Amino acid sequence: MQPEEAKELLVRVQQGVISVDEAMLALRRLPIEDLGFARLDVHRELRQGMPEAIYAEGKETHQTVAIARRTMERTTGPVIATRVPPATAEALLEAFPDALHHAVARLVILRADAGQEPRGLLVVVNAGTSDLPVSEEAAVVAEAMGIKVERMNDVGVAGLHRVLEAQDALHEADVVVVVAGMEGALASIVGGLTSAPVVAVPTSVGYGASFDGLAALLGMLTSCAAGIVVCNIDNGFGAAMFALKLLRKRSQ
Amino acid sequence: MQPEEAKELLVRVQQGVISVDEAMLALRRLPIEDLGFARLDVHRELRQGMPEAIYAEGKETHQTVAIARRTMERTTGPVIATRVPPATAEALLEAFPDALHHAVARLVILRADAGQEPRGLLVVVNAGTSDLPVSEEAAVVAEAMGIKVERMNDVGVAGLHRVLEAQDALHEADVVVVVAGMEGALASIVGGLTSAPVVAVPTSVGYGASFDGLAALLGMLTSCAAGIVVCNIDNGFGAAMFALKLLRKRSQ
Amino acid sequence: MQPEEAKELLVRVQQGVISVDEAMLALRRLPIEDLGFARLDVHRELRQGMPEAIYAEGKETHQTVAIARRTMERTTGPVIATRVPPATAEALLEAFPDALHHAVARLVILRADAGQEPRGLLVVVNAGTSDLPVSEEAAVVAEAMGIKVERMNDVGVAGLHRVLEAQDALHEADVVVVVAGMEGALASIVGGLTSAPVVAVPTSVGYGASFDGLAALLGMLTSCAAGIVVCNIDNGFGAAMFALKLLRKRSQ
Amino acid sequence: MQPEEAKELLVRVQQGVISVDEAMLALRRLPIEDLGFARLDVHRELRQGMPEAIYAEGKETHQTVAIARRTMERTTGPVIATRVPPATAEALLEAFPDALHHAVARLVILRADAGQEPRGLLVVVNAGTSDLPVSEEAAVVAEAMGIKVERMNDVGVAGLHRVLEAQDALHEADVVVVVAGMEGALASIVGGLTSAPVVAVPTSVGYGASFDGLAALLGMLTSCAAGIVVCNIDNGFGAAMFALKLLRKRSQ
Amino acid sequence: MQPEEAKELLVRVQQGVISVDEAMLALRRLPIEDLGFARLDVHRELRQGMPEAIYAEGKETHQTVAIARRTMERTTGPVIATRVPPATAEALLEAFPDALHHAVARLVILRADAGQEPRGLLVVVNAGTSDLPVSEEAAVVAEAMGIKVERMNDVGVAGLHRVLEAQDALHEADVVVVVAGMEGALASIVGGLTSAPVVAVPTSVGYGASFDGLAALLGMLTSCAAGIVVCNIDNGFGAAMFALKLLRKRSQ
Amino acid sequence: MQPEEAKELLVRVQQGVISVDEAMLALRRLPIEDLGFARLDVHRELRQGMPEAIYAEGKETHQTVAIARRTMERTTGPVIATRVPPATAEALLEAFPDALHHAVARLVILRADAGQEPRGLLVVVNAGTSDLPVSEEAAVVAEAMGIKVERMNDVGVAGLHRVLEAQDALHEADVVVVVAGMEGALASIVGGLTSAPVVAVPTSVGYGASFDGLAALLGMLTSCAAGIVVCNIDNGFGAAMFALKLLRKRSQ
Amino acid sequence: MQPEEAKELLVRVQQGVISVDEAMLALRRLPIEDLGFARLDVHRELRQGMPEAIYAEGKETHQTVAIARRTMERTTGPVIATRVPPATAEALLEAFPDALHHAVARLVILRADAGQEPRGLLVVVNAGTSDLPVSEEAAVVAEAMGIKVERMNDVGVAGLHRVLEAQDALHEADVVVVVAGMEGALASIVGGLTSAPVVAVPTSVGYGASFDGLAALLGMLTSCAAGIVVCNIDNGFGAAMFALKLLRKRSQ
Amino acid sequence: MQPEEAKELLVRVQQGVISVDEAMLALRRLPIEDLGFARLDVHRELRQGMPEAIYAEGKETHQTVAIARRTMERTTGPVIATRVPPATAEALLEAFPDALHHAVARLVILRADAGQEPRGLLVVVNAGTSDLPVSEEAAVVAEAMGIKVERMNDVGVAGLHRVLEAQDALHEADVVVVVAGMEGALASIVGGLTSAPVVAVPTSVGYGASFDGLAALLGMLTSCAAGIVVCNIDNGFGAAMFALKLLRKRSQ
């Protein structure tokens, strides 16, 4: 198809059938997609090292399995299914015996990013055990992508001493992910204690005026600690992706 | 007026003009306001020691001065004008030479609660200099009502050590008022550090996702620190009133 | 561990192995957590008399039971599980035969604050029977912490006479908790009738424009009655905690 | 115009120029507006006694004056300009020397509904002096339309006794308009005290969590007092219009 | 109790045991509730003719039945259960064989307001069959209270001719209730077509940007048709209560 | 009925029984609905070619079937049931053996618009497989109405090359419908790439800050690409209706 | 630059310096922007007939004039400045004496789309004079682009007869733009009366619960009339752009 | 002060005045702040290389100058005033002749981070000229902190070719900051085109449904491109701070 059109053009230039100027004109007229393969090359490079992700929530089990099968066949890099309901997880494990299921994180790692040097240290801090599904999503995905992860669970703001005890680890991190619901103040505290860049993930944990994570989201966005950035509510996967991009860039 | 009606009824019973049953019937038929003086007595007692407050924002200067004049004539207790624009403040000072103007707190103390024993210790903490108008409103009103006040200004969460240094003072307080805008996380921190009851006042300081104080308000309401209560955005006066009620109750 | 490090340092100073200046240097270099025990002492004192709380909603039964077991083993003070689903309550009662289950309040009192002098009087007012789960959460927790509680249920604003009949009791209270959904006006009424500090708890009772408690929340925050403070929607536990802090401070 | 077309059709039927069936066909083909006069008659009747209203806010002075002039020429009933800025009010008074300007209510009554029997009693209650522009808009418009109005200003909820003193007047009313900002609880109180239908008008008075009248609006909509209906924020005019419709219907 | 205290006071005045001034003093000191019987009388009169309502949603079947039983025993007027789940309806019918169940309106009429002259005409218009539960709640309650009701169902705005055909009936009405979800424009149309007062009830019918009735609510509040008032979302009962108050007032 | 009244009037004019002026008077007095047939004709023409739609969500199976039966009997044009639950779909297929069920689109086409020339080309683009129910609703309805439809599924913005590859097809379209959840940016991209008018349909796909489609809705409304218009969240049917109106107008 | 690279490649193929396969490889490796000129051609075609628009609000006068000058020099098609403040308009007229200023629409037409056949009929309906700036923005822009425009101003919903009188004109339109603030119901009415596609533009006209156009926006999005699409609040320009795309497509 | 206390303790241990156990006891009793110097050391290191920032908006000129003076005296690192109003900028330049004023970015760089090696490459992309104040705030602050910055202005999504032309530069970046208002889709596009981590900054540019930046904020948070993080609306400074932390960490 398109490559052929371009090739034919070149052949006719080579054969002297058309002049260079005529070829230029023809090239200009070619719709963009005729050169799409170039873009695909660029794109492949761009995505190199990023996992294929399958968002399983709201999909039926057979759909997720089918997508997983197709993705596993067509790619060689890491493949991860996120927000996987228990039944779908079972079906995936049956279809892919090498896959790993992380129940709390609702993840199935179909193919990890094996054989990598660990790329930097990610510290994942959460404010309470209810935030675990989100913080584990970030941690497990990062580990599957070859990042070294250190977890600090249940580091509530109200018990300030626990945050202070974590200070050294926070300093050693290359990037810190803070996962918190309710008022999300933990992000501000951690942001004021570490020299590492801090990615805040609000969670929908809470009730009443937490409005499904809105309170934590607004709190993190307006944090008085400089240099904090924010992901979508409950988006542990996105935080891991950001950390991955950051650490890959660094190790280039 | 009404007391007279009631008295007349009693006189007629005394004189035997009407029977007790007839008087009972008349008493029942009396509209409630005929016995209003009883309520007023109760009410007077209830409000004893609470200041008369004149909300000056949105009122014209002459209106505020007129209301102030009438209130000063009819009462003997403390009288305070809040959210006073500069021009109105000037006019009030001219009309009441003994009044005190607190420009930052936008208050004019027309008559303070003099000669009181200091009633307990109120610590007023704010997160930044932009919160001063609100925290000073709380502090100055409390002082005018005979409460001992200790101020801790600019205690940002991002500089956690400053909060920690304030820990002792926070323990000594009878009640703590925390005034903060942006994400309002200071309330959670202070709530976790003191045994005193904490009243949080969100402020409209901030921009963007602070949505005029909404972020701080939601954050304080959903604080993970137990035993924090919240006032309206920018309502330093309300926090002082609550502290006053609390300390008066205590000293009864 | 950490205390040992500090102790060893002192021993070496005592033995003359290192100079005072060297010890000072070492002390400065010690990560903060090496001195954590000090903080813990402070913290223990700070939390003295406050209950350990286990938020059971969204946790699986075995998780809540495990946390409860660990908390009971490591502490000697009061322990309370809140928002306990029926199945979890049953499991807790089986594991802790002395525990008490309050079904309406969704509470399991694992260990109450026994042998205390009653600390002041808390009056808990609710606007309707649908508000009972929240008001009972406040009342039962307060009682478990040794506070004397008086309940006034179903005191709707629309039947104003019922509020007026409660006026005396409201005056005697050391602190009043008002629990109301829908428009939450009861807080303003009660605030205007009592000299006691009023803590308002909006509930998610209502439909349509009550928006899951938002109408009551905004109404209570903007109440024209001075000296009212507000908790999160449905947060009866928080109101009890605030009352506890207030009454403990008072009795110090 | 249209009536002429219809008339001509009838004449031609009368003269036998066209058959009845042809006339029916023509009648069917007539665009609806050709029969518009019928509708206009209905419409005129429908609107009989309702004032022509000119919303002056956001219009330039000359525009409002021009519209007023045209309206005065084409109608004989009452004409009212609402939300009139001071400069426009002056210009209107100059153009219409018989007009009346109500500065607080921001109204200019260009032509009142003279010579009417007073139609029932409207009681307009407001919660504070800041609500006066809205409550006066309701009261002055109603008076201009021949309704007897009784005002109760500054009837704050926090001072419950003032509401109680107003109880008799509230019972005598044919309809009650309650105007309140902040939490708007006054509507619930009044609704519980009177047998008259209550129209609640939230105002934008307040700050912070009153969110420009949203708190009062939601509070009034979710009022626990049965039989309260609500107008738009600050819409005193609309409340007066509703009262007018109600009282006119009644006197038919 | 209280009446006895008052009576005793009167007897002692009659007997000359205490002077009038002493009695006045005693009367002043009496807590308000001692005179509560007066209020109750007033209250009884106020509520005369209004039904006792039991909100059944969120209550367990046995609770609703118990409340119904108590209410039926203590009152002689109309008693209505609203938002009754099917199981509760069945239980109520078993307990009260004379009760009537209206499934669509989710109502059980335990005791209607029998033997009344029909009080005026209420026209209830709805925009679509999905609005039936709300419009029927209004219609059935009104009928149970002795109001004559005419229903106009499925009068969508998009089919304007249906609204026009209803014009005559709308003119005859004493009060019109318009029930509509989605954009709620029907209220504006009807408001422009009838001389009767219009009560608009937004419903939660719709999806997406209807945000559970918010679109209809805001649309009705900001209607450009003068004299429309609004109830809470889905509150057909409230509209009926308002109509009842309006028609009772009228027939006094 | 009404036409008869008008006809009788004409006959009486023809016969000289009444004068033209009397007939005019009578015509004026006729209620609007007496001339309703004209409107109905207009209306029938107006709706010609538009399908009858039955919104099945929230209706019981028997209700939908009954409405479908009635609609099929009274009309001859296309009839479509939307948002049909599986059980209802089954019942419809049983009742109407010729009906077609599209499970993903939740549609049952009871009667399509057969025998039409295809009217123009509609390109339906969606951003991901989760948007399929909405985009298929648009596509299937359009096809049932005789529009030629080309689908482009899973054209995510993050993979820009896929959008570029679609550029030619987008240029050929007469109208483009873009269906996207999450941030909805696909609409802006497509709008910048095609000369065809673009109708954007936000979907409720997403979580957290997508707030059930609000993020996509706001994003599409504020798109920086000129000439994009927006439907309600998840409203694929509405987009198809708009495309139908547009293409019918064009082919007139 | 890039074209040169491509040309050089072709020359080398022509000269036999490199083989066709080598050239293909080189072509693939070329970054996309090397072929950018092709895209520009496509783009030029795409945008043909669309005006260059300069959004003047928030820009300083000299900035807008400079952008206008540059745009006029580099293009030959229509150029329009939107939301032009008076001072900027004056400066533009001075700089471009042939420009036309439409004060109400806040537009300066720097260069219209002259010499076009009128492309179809656009009917622009507004609900009131306050909506004029937005409806005129749509109308004037459309006229400048060679579209025939018919205006219907002040067609309020409350006066339904005015809408009905416009019915014929609405039927003749190729596309209808409805501009309305407050509750925006006019869009539903018009949508039910015309066979033409309807583009609704909510305006920020209104106060209180209109929340700066939110009420109208939500109302239009949830309209019960099928086939209505919506633009951003106050975006008359966008509606004109959509109409232009639609009519251009049609006349291709 | 505190260090002295600790030192004295050590001396007394050294001298044998107190035992090690007694010293341990004393150490435990020391309030936390007595060991504050440790924390301060840590803190100093933590903040090393981060600028002192003075938020000038809402402060009076003399306040900002005073704070600037004090900060300049007490620190030696970079000092930056943000959101500086013109008058304040002038006063700062007068007080600090070496300061640099960036009018568009509303910044005054009082002292830059001189003599640094450039730390990595930051690409700052904005969607339109109206976003310049925010994107320049990010760019200028980053430059002042020694980061190499490349700007890409006016890269609108609607002109996709401009984004594609920027692809190479985006790949070279160590971190990319995308600044966009309206629907904010540019972040998704850029996120799909670069392997660098992307920090998105929504701006308040837009009108109507952009709701002061909310549309862009939600759009960026829910972006379908993996690995995008978000700052507060208009917070260019925060994005620069995050980039600084990220690049400093990397170069450690």
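Letters A, B, C, D, E, F, G and H mark the chains as written, and numbering starts fresh at 1 in each.
Here, a residue touches a chain if its C-beta (ideal position, glycine included) is under 8 Å from a C-beta of that chain, and two chains touch if they have at least 3 such contacts.
This is a predicted model, so every value here is computed, not measured.
Asker: Which is it for copies chain B and chain C: same residues on both faces, with over half shared, or different residues?
Answerer: Answer same: the two copies use largely identical residue numbers here.
Asker: Quote the value, from 0 to 180 degrees and to the nearest 5, of the angle by which the CA atoms of chain G must be rotated to coincide with those of chain H.
Answerer: 90
Asker: Could you put a whole-Å number on the gap between the CA centroids of chain C and chain D?
Answerer: 50
Asker: Please compute the C-alpha centroid of chain A, do the same for chain H, then give the distance between them in whole Å.
Answerer: Centre separation, chain A to chain H: 24 Å.
Asker: Compute the distance, rounded to whole Å, between the mean C-alpha positions of chain A and chain G.
Answerer: For chain A versus chain G, the centre distance works out to 38 Å.
Asker: Take the average of all CA coordinates in chain B, do the same for chain F, and state the distance between these two points in whole angstrom.
Answerer: 58
Asker: Among all residues of chain G, which ones touch two or more of the remaining chains?
Answerer: Those would be 31-32, 39, 42, 159, 164, 167, 193, 208-210, 217, 221-222, 226, 232-233.
Asker: Please give all chain pairs that are in touch with each other.
Answerer: A-B, A-C, A-F, A-G, A-H, B-C, B-D, B-E, B-H, C-D, C-E, C-H, D-E, D-F, D-G, E-F, E-G, F-G, F-H, G-H
Asker: Using the touch definition from the top, list the residues of chain G that touch chain E in their complex.
Answerer: The touching residues are 127-128, 156-160, 163-164, 182-185, 188-189, 191-193, 206, 208-211, 214-226.
Asker: Quick one: in the complex, what on chain B touches chain D?
Answerer: Those residues of chain B that touch chain D are 31-33, 36, 39-40, 43, 55, 57-59, 63, 67, 202, 204, 212-213, 217, 232-235.
Asker: Spell out the part of chain D that touches chain F in their complex, as residue ranges.
Answerer: Chain D residues touching chain F: 3, 6-7, 10-11, 13-14, 16, 19-20, 23-24, 27-30, 32, 35, 37-39, 41-42.
Asker: Taking the complex as given, what residues does chain E use to touch chain F?
Answerer: 129-130, 159, 161, 164-165, 167-168, 205, 207-210
Asker: Could you please specify the touching residues of chain A with respect to chain H in the complex?
Answerer: On the chain A side, the touching residues are 42, 45-46, 48, 50, 53, 167, 171, 174-175, 193-199, 217, 221-222, 226-233, 237-239, 241-242, 244-246, 248-250.
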